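Input: a single structure, listed below in C-alpha cells.
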Amino acid sequence: MDILNVQLQDGALAAAFFVAVFVPALAGILLGMFFRSNRVANVVASLCIVSCISGASTYFLWNAGIDLSYTLPLPSAAGQYMLSIDQLSATMISFSSVIFMLIVVHVVKSTSDSGCKYSALLNTLFLACFSCMAADTALVLLLSWEMVTLVTFLLSKNGDNEKARWLFFVIAHIGGMMLICAFVYISSVAGTQILSQWRDLGPSLGDMTSTALVLMIVLGFGSKLGLIPFHAWMPNLYASAPIHTTALLSTVCSNVAILVLMESIFTYIGVSPSMSWAAFAIIALAAATALWGAMESLVQKEPKKILAYSSMENMALVVLCMALGAVYIGESPVMAKLVLIAAMLHTMNHAVFKSLMLMTIDTVEDCTGEKNIGNMGGLSKTLPVLSVVAIVGVLSMAAIPPTNGFVSEWLMIQSIMGADLESKAMSLLMPLALAAVGICGMMMAASYARLYGFVFLGRPRSEGMKKPRPMKKGTVFPMAVLALLCLAMGFFATVFMDVLTSGIESATGIPSGPGYRSVMSGELLPLLLGVTVTAVLVLLLWAFRKEKRKARKTRTWGCGEKLDSNMQYSSIGFSQPLVKVFHPFYGDTSVVKESGDKDNKTLVMEFSEPFVKYLYRPVAAIVSVLSERIGRIQTGNIQTYFGYMLATLVVALLAVRLL
Amino acid sequence: MDQILTSNLIDIFAVCMLLSSVLAMASVRMRPLIRLFILQSVFLTAFEFTVAYSQNEPEIYVMAAMTFGIKVLLIPKMLQYIMARIKVDDEMALSVGIPGSMLLSAALIIFSYFVSEPLIITLDTAERNSLVLSFSIMLIGMLMMATRRKAISEVVGLLMAENGLFLGAIALSNGMPFIVELGAFFDVLIAMIIIGIFAFRINKSFDSVDTTLLRRLKEE
Amino acid sequence: MNYAEVAIMLMQAAALILVSPLVAGIIRKFKALMQNRVGASVFQPYRDLLKLFRKETVVSENASFLFRAIPLVCMTSMVLLAAMTPFVYSGVAAPYADVIAMVYIFTMFRFAMVLGGLEGGSAFGGMGSSREAMMSVLIEPALLISIMTLSAMTGAGFDITDISSSIIGEGAAAISPALLLAGTSFLITMVAENTRVPFDNPDTHLELTMVHEGMLLEYSGKGLAFMEMASMLRLTIFMALFGTLFFPWGTAVTLAPLELATSVVTIAIKMLVIAFGIALLESTIAKMRVFRMPNMLTASFALSLMAMISLYVL
Amino acid sequence: MIATIMVLVPLLAGVLCLLPLGTKGLFRISIAGALASLATVVYCCISPITGTVIDTSIWYIDSLSAFFLLISGFVSFVTLLYSKDYLRTEWEEGRLNAKEMRWFYLTMFVFVSTILLTFAVRSAALTWIGIGATTLVSAFLVGMYKDESATEAAWKYILLCSVGITLALFGIALLYAASSGVIPGDGSLDWPALVANAADLNPVFMKFAAIFFIIGLGTKAGLAPLHNWLPDAHSQAPSPVSGMMSGVLLNCAMYGIMRFYTVSEIVNPGFASNVLLFFGISSLLVAAAFILISKDFKRMLAYSSVENMGLIAIGLGIGTPLALFGAMFQVLAHSICKPLIFFCAGNITQIYKTRTMSLIRGVTEKMRFTGFATVAAGLAIAGAPPFPLFVGELLIISGAIGAGMYVLAGLLALILVFVFAGLVLNIFPMLSGTTDREVSEPVSLLRKGSLALLIVAALFFGLFMPEMVRDVFDGMVLILSGGTI
C-alpha cells in the first residue's frame, strides 16, 4: 500500500474517490431526467451500481490510510460543502453501499417498467445518503438529511397513496426541523460549522441545554426510525410504497440515521452523568416502541406491515442500546463500548435481513397477486427456491443461533447484563431492559414464525397461490447473496466486531483497550457455535440416512375428513391467544359482519391504532378548528377590511403612546 | 392683519374642517355628503391661504390654488358626473347608525388628542394645535370608509382623510417640499380617475354600487 | 479447551441422551403407581423409540423440504444442549459454557417445533403452534431472567461452570431470596416448557388439549422418533440444570474419581425427587384452561424479575 | 443618465405596443421590449452592485437598490417570455380580445418602468410616488378580465392600497417634519442624507413616522391584519400578472420599509424591529391557517406570499447581521420561486379551466413537463432542501437562535412545519392520480423555457452562493444596519 501513497499524492486519490462516487450518479440523474425509454432506465440503474461499488470501496481506501476529505470550492449561502470520512462512517458507508447495490440490482431485474424517473431518483437517494454519512459541516448534514426525506417521498409514489406519503413527509419534516434547530444551536455555540471540530461540546453547552439537545436529536432521528409518537406513518407507507423504496428506507436510511445519531450523541455533544435522566427517558421510549412494534406486528393483515413494525422494533432496540451506552459510559466505559458495538452490528444485520425479507415478500406479491396474508399459504411447494431464501431470512430475523440476528441479540443481552454499576437505581435498569429485550425477541420470533408459516407452509388458500407465476429470472441472485451474507455475518461476526470496535473507539473517545474479546465474558465465538451446530446437524443426517422403505405420500391427517383449504388455522387465529393475553394494550374489538344472506355471518377482529386515534386525530381536529376560526377574518366585505386597518392604526398609536 | 388674528383664523378654519367631516358622518344622503366635502376643501384652501399669508411662503399660495382647483372644482364635478351616469339612488346605506357613528367620531377625536400630545410639545410651527385636528379628520375619514356601504361614500371618506393629511402636513412643517405636494396632488387625481372607471365597471356588472354585494371573494 | 474436559462433556452428553427415555419411563411408572395401576415397564420408552426408528415415514402431500429438516434441527439443538449442561461434573468445556447461547438454543428448538406444526396445514398443527407461540412469549423471558439472576448473583458472568462452582463454594450462604425466587420461577418454567400437566397433558391425543402433541401429529417414523427423543432429552436437561445450578450441592467440581461417584449418586437422587414431584403434580391437578395459563406464566415471569431486582434492592 | 434610460426603455416599449400591428407583431415587440429592458437594467446595475454608487440628479442606486433592480428586471423578463404564449391561448379561447391584449402589454410595460423607478430614486417622496404609481397601474392588470370577481378584486385592491398610500404619505410628512430642521434645503427626504445624519433626527416624530410608514407600506407588502386585498388580487389577476405582482410588487413595498428601517434603527433602535416582528409573526400565523383551509390554488399561493413577507419582516425584526442576510436571501429566493409556482399554476388552471384544487387530478400523467415543473415548484415554495427557500428559512432560524430568541426560533419552526404540511397536502394530490378530461400540454417552447430558466436559477441559488454574490449580500447587510459602503 505504501507504494500507492508515494506516487499519488493523498489529496489526488481522495478527489479521485469522490469523483468515482459522485460523477456516475450525477450522470445517471441527468440521463434519467431527459429520457424515458426502458433501455435508458437500465443504463441509469447501472450507473447507480457503479457509484455504489465505489461507495463500497470506502472502507478499504480508509484502511489504506488515505485521508478521505474534500471541500467543494463553491460555498453555499449557509456555509461550506465539506465531506470527510472517519473509520466508523467508512464502515457504515461501504456496508450500506453494498446493500444499496443489491437492492438496485433487484430493481433492474424485477420491475420491467420502473422507468427512468425512478432510477434517477435512486441515484439521488444514494448521493444524499452518502453525503449525509460523510458530512463534515452542519449544512451538508442537514441538507442531505432533508434530501433523503424528499427523495424517499418522491420515490414512494405508487398509484394514489397520497395520504400515506403526505403523513411520512410531514412527520419526517418535523424531525428535520428539530434537527435544524439543534444543529444550528450547536454550531452557534461551537463557533464553527465543521463537524470534525466538534468534540465533547457538552460542558460548553451547559448541562440542561446539552440534555435538551440530545433529546431533540434523538426525537429528530426518531421520526424516521419510528419511535413511538412518530411511528404512525410506517405501516401505511410500507404497505403502499413500491418495495424498493421501502427496502431502501428501512435499511440504508436507518443506517444513516443511526450513524449520525451515534456521532452526534457520543462525539459532538459527549455524554455527561447529568444526562442520566434523559437516557432513562429514551430507554423507556425505546422499550415502549419495541414492545408496541412487536405487539402490532403480530396482528397485521399484510406481510409488508408486519415488516414495517419489525423495522420499528429493531430500530427501537438499537436506540435502547445506545441509551444504555450513554448510561454505562460513566462507570464502565468498556461495557459501554460493547453495547455500542452491539447496536451498530444489529443495525447492519437488520439492514441485511430486512432487505432480504422485503424482496421476498415483493416476489410473493408479484408472482401470486395476493396482498393479504389471510389468503396466502403453500408457496414452499410451488416456489421452493424462494422459500429456502426466505427461511434463512426468517431464521436470522428470529435470532436463531447460526445466523447474524442471533449474534447481535446475543451481544445485546451480554452487554445489558455485563455492566457493574454502583448506583442501585441505575442497575435496576438492567433487569427491566433485559425483560424488554426478552419479551420483544420472543414476540417477534412468534410473528416471524407466523409470517413464514402462513405464507410458505400449509395449503394454498387462494387461486393465486395454487398456480403462481414463475419468478422473473435473475431476481433470485440479489436475494441469494443477501441470504449468504446473513449466514456469513452469523459465522464470521468477529470480523465485523473488530472493525466496529476500532470505529467506535475513535468516534466515542473510549480508551482503545484490547479488542472486543476481552470485553465479552464468555469465549464462545459465533464461528465456533455456528460450526458446531452445522457439524452436529450433518452428523445426524449422515448417521440416519439409510431408509428402509421410500416415504409414502398421503393426505394430511384430518380424522378421516377430506381437509379443504380453509379448514387450516388462519393467520389471525394464530395470534388470537396472544391478543387475548395482551388484550388491554390492543384495544381490539371483534365485529360481527353480516354479508349478503342472513345466515352466514363472519367474525372480524378490528384493531384500532391508538396513537392515531388519541394523538393524531385530535391534533388534526384542533388545527382545522383553529384555521377555520382564523379563516373567518377574510369575510369578503371591504368594510371589514377598512375596519381592520383602522383598528391596527389605533392599536399601534396607542402602543407608541403608552410604551 | 397682525399675528393674533391670523393664528385665530387658522384655528377657526381647522376646526371648521373637523366640523364638516363630523357632519359628513351624520349625513344620510349622498348629495349633502359631497357638498360637505366641498365645504371642507374650501376651508382647507382658506387655511392654506392664511398660513401662506402669515408665513409669506410663495409655495403655499400655489398649493392653496391647486387645492381649490382640484378639490373644490374638479373632483366634486367628477363625482357628480359619476353619480348622474350611474343613476345611483341618493340613499346612503349605513352599516353603523348615525348615533353610533357620532359616538365613534367623538371617541376618535379624544383618542387623537391623547395620542398626538407628545408630538405637539416638540412642534414649533404656529399651526401646531391643528395637528390634532388633522389626526382626527384622518381617523374619521377612515371610519367613514369602514362604516358606509356605498362605493361613492367610501371614495369621499378617502378624500376627507386626504384633506386631513394635507392639513397635518402644513401643521407639521409648513407643507412638504413642493415636488412632494405636487406628486401627492397628481396621485390623488389619478386615483380618483381610476376609482371612477372601476365604479362604472362595478355598476355595469352589479347594476348597483352597494359594496355589500362584493362578497364573492372569501374563504368558503 | 483441555481435552479431558471435552471428553467428559461428550460422555455427559451421551449419558444424558441415554438416560432421558429412562427418566420419562420412571415418571410414567410413578404416575401409574399413584393411580394404583401397574403401568408399563420403566424401559418402555426405549422400546417405543426403537419401534419408531424401524417404522416407515408417512409424508403429507403439503409438506415442504422443511418436513425432513425439522426433526433433525430439534435433535441437533437438544444434543448440543446436552453437551453444554453440567450433569455429573459441573465444569463445561470453556467456549461452550455460555448461558445466553443455551437460552437461544432453546428458542431454536421451539421455533423449529412451531414451524413443524404449521407444516401439514391441518387445524391441530396450527392450534398447537399458536398456543406454543403464546406460551413461549411468556416462558422464554422468565427462563432468561432466572438464569441471568444466577449470573448476576454470583458475579460470574455468563460462564455456567463458574456459576455452579461459586454457588457450591458459598455453601449455605447462597440460600438467598434471589436463589429461591429464581428457583421457583425456573421450576414453573420447566413444567410449562416441557408441556407437563397444568399447562398441557402429554399423554392424551384429545385434539382440544394438545399443545406439544399437536405439533408432532404430522410426523411418523424416524422423524417422530427424533422429536420424541428431543422432548424427553429437554426434560432431562431441565432437571440436570435445576440439579446443578439451583441446588448444586453435591455436584463434582474437580475430576477426582471419589467426587464424581458421589455426584453421580446425588444427581440421581435429585432427578428421582423431581420426577416424583412431576408425577405427583400430574396425578393430582387437572389441566388448566388455555386462557388461565397466562396468569400462571406471568406469575413465573414476575417471580424471576423480582428475583433479579431483589439482588439490587436488598 | 443611464438610470433615466433604464426607466424610459420599458415606457418606450409600452408605447410601441400601441402601434396597430397584428398580434404577431405585438408579441415580437413585447419580447424585444423585455430583452431591451433586461439589458438596460443589467448594464445600469453592473457598477452599483460591485459597490460604486450611482448618485446623479434624482437617481440613487446603491447595492441594495441594484439588487432589487436586478431581481425585478430578471423576473419581468421571464414573465414577459411566459405571457406571450399564455395570452395567445387566452386570445384563442376568446377570453381576451386583441384590444385588451394590446392594453395588457401597455400596462405591463408601464408597470415595469414604475417598479424600476421606485427602486432607483433618491428621495423618500419619489419612492412613495413610485409605489403609488405601481398600485394604480397594476389595478388595471388585476382587473384585466372584465368579469365580476376580477372587478371586485381590483376595486378592493385600489381602495385598500390607496388608504395605505395615504397613511404612508402622512408618514413621509412626519419624516419631513423630523428632518426639515436638521437637513437644510430640499435634500431633507433623500435616503442617503437621512441615513447620514439620522442620529440627530427628532425621535418622537420618527416613532410616529415609523408607525404610519410601516402600516401604510405594510398594506402594500401584504403583512397580516392588512393583507386582505392580496389573496383576491392575486387569484383574480391573470397568472403572469400574479407571478409578477408577488415576485416584484411586494418587494417594492418591502424595499420602502427597509430604507425606512435603516433610518429608524439609528434614531430609536429596536422600535421599528419590534413593530416588524409583530407584523411578521401575525402574517406567519394567518398565512399558515389559510394555507391549510384554502380550496383555490392561486389563493393558497397568495397566502404563501403573505407567509414569505412575514418571514422577511421577522428577519428584519431580529436585526442581527445573520438575520438580515437571511431576510435578503429570502427576498431573492421568494422572488425566484413564487413566479415559478404561479406560472405552473397558470399552465394548470388555463388547461383545466378551474382553480379549485380538489377538481384537478392527474397533472403529471397528462402534462409531463408542467407536472415535473410543479413538483419542483411545490417543493421549492414548501421549503424543501435543494431549493433556496429552505436555506432562507435555515438562515432566519439561525439568526433567531444567534440573537438568543429561542422561543421565536421554536415558534418559527412549528409554524413552518404547518405551512409545509398544508402546501404539500394541497399540491401533490393534484399531480398524482388520473383524470378523464382530455387535457393536453401547452407546447410552446418559450413557456417551457421560462419555467426551466426559473428552475435552474432556483436550484443554483439553493445550492451555491459564489463569493462575488456573497460580497453583494454583505454590502447590503452593511447598508441595512446603517453603514454606507
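As written, the chain order gives the labels A, B, C and D, with residue 1 at the start of each chain.
One rule holds in what follows: a residue touches a chain if its C-beta (ideal position, glycine included) is under 8 Å from a C-beta of that chain, and two chains touch if they have at least 3 such contacts.
Please read all numbers here as calculations on a predicted model, not as lab measurements.
*Asks:* Which pair, B-D or A-B, has more C-beta contacts?
*Replies:* Between the two chain pairs, B-D has more contacting C-beta pairs.
*Asks:* Starting from the mean Cα coordinates of chain B and chain C, work out the distance between those two points in Å.
*Replies:* Centres of chain B and chain C (C-alpha means) sit 101 Å apart.
*Asks:* Go ahead and note the Å separation of the Cα centroids belonging to chain B and chain D.
*Replies:* Once rounded, the distance between the two centres reads 32 Å.
*Asks:* Taking each chain's centre as its mean C-alpha position, how far apart are chain A and chain B in Å?
*Replies:* 69
*Asks:* Where the CA atoms of chain A average out and where those of chain D average out, how many Å apart are those spots?
*Replies:* It comes to 43 Å between the two C-alpha centres.
*Asks:* On chain A, where are the residues touching two or more other chains?
*Replies:* 631, 634, 638, 640, 642, 645, 649, 653, 656
*Asks:* In chain B, what residues contact two or more other chains?
*Replies:* In chain B, the residues touching two or more other chains are 118, 142, 145, 154, 211, 214, 216-217, 219.
*Asks:* Residues touching two or more other chains, restricted to chain D: which are they?
*Replies:* 155-156, 159, 163, 208, 231, 290, 293
*Asks:* Let me know each pair of chains that touch one another.
*Replies:* A-B, A-C, A-D, B-D
*Asks:* Quick one: in the complex, what on chain D touches chain B?
*Replies:* Checking each residue of chain D against chain B gives 125-126, 128-129, 132-133, 136, 139-140, 143, 146-149, 151-156, 158-159, 162-163, 165-166, 169-170, 172-174, 176-177, 180, 186, 188-189, 202, 204-205, 208, 231-232, 235-236, 290, 293-295, 299.
*Asks:* Under the touch definition given earlier, write down the residues of chain D that touch chain A in their complex.
*Replies:* 155-156, 159-160, 163-164, 167, 207-208, 211-212, 215, 219, 225-226, 228-229, 231, 275, 285-286, 288-290, 292-293, 325, 329, 372, 375, 379, 384-386, 388, 390-392, 394-395, 397-398, 401-402, 409-410, 413-414, 416-418, 420-421, 424-425, 428-429, 432-433, 461, 463-467, 470, 473
*Asks:* What part of chain A is in contact with chain D in the complex they form?
*Replies:* So the residues of chain A touching chain D come out as 33, 74-78, 139, 142-143, 146-147, 150, 154, 157, 159-160, 162, 165-166, 169-170, 173-174, 177-178, 180-181, 184-185, 187-188, 623-624, 626-628, 630-631, 633-634, 638, 640-642, 644-645, 647-649, 652-653, 656.
*Asks:* For the complex, which residues does chain C have touching chain A?
*Replies:* 53-54, 56-62, 64-66, 72-73, 75-77, 79-80, 94-101, 104-105, 107-108, 111, 114-115, 118-127, 129-131, 133-134, 136-138, 140-141, 144-145, 148, 151-152, 155, 157-159, 207, 217-218, 221-222, 226, 290-291, 294, 301, 305, 308-309, 312-313
*Asks:* Write out the stretch or stretches of chain A touching chain B in their complex.
*Replies:* Against chain B, chain A makes touches at 631-632, 634-640, 642-643, 645-646, 649-650, 653-654, 656-657.
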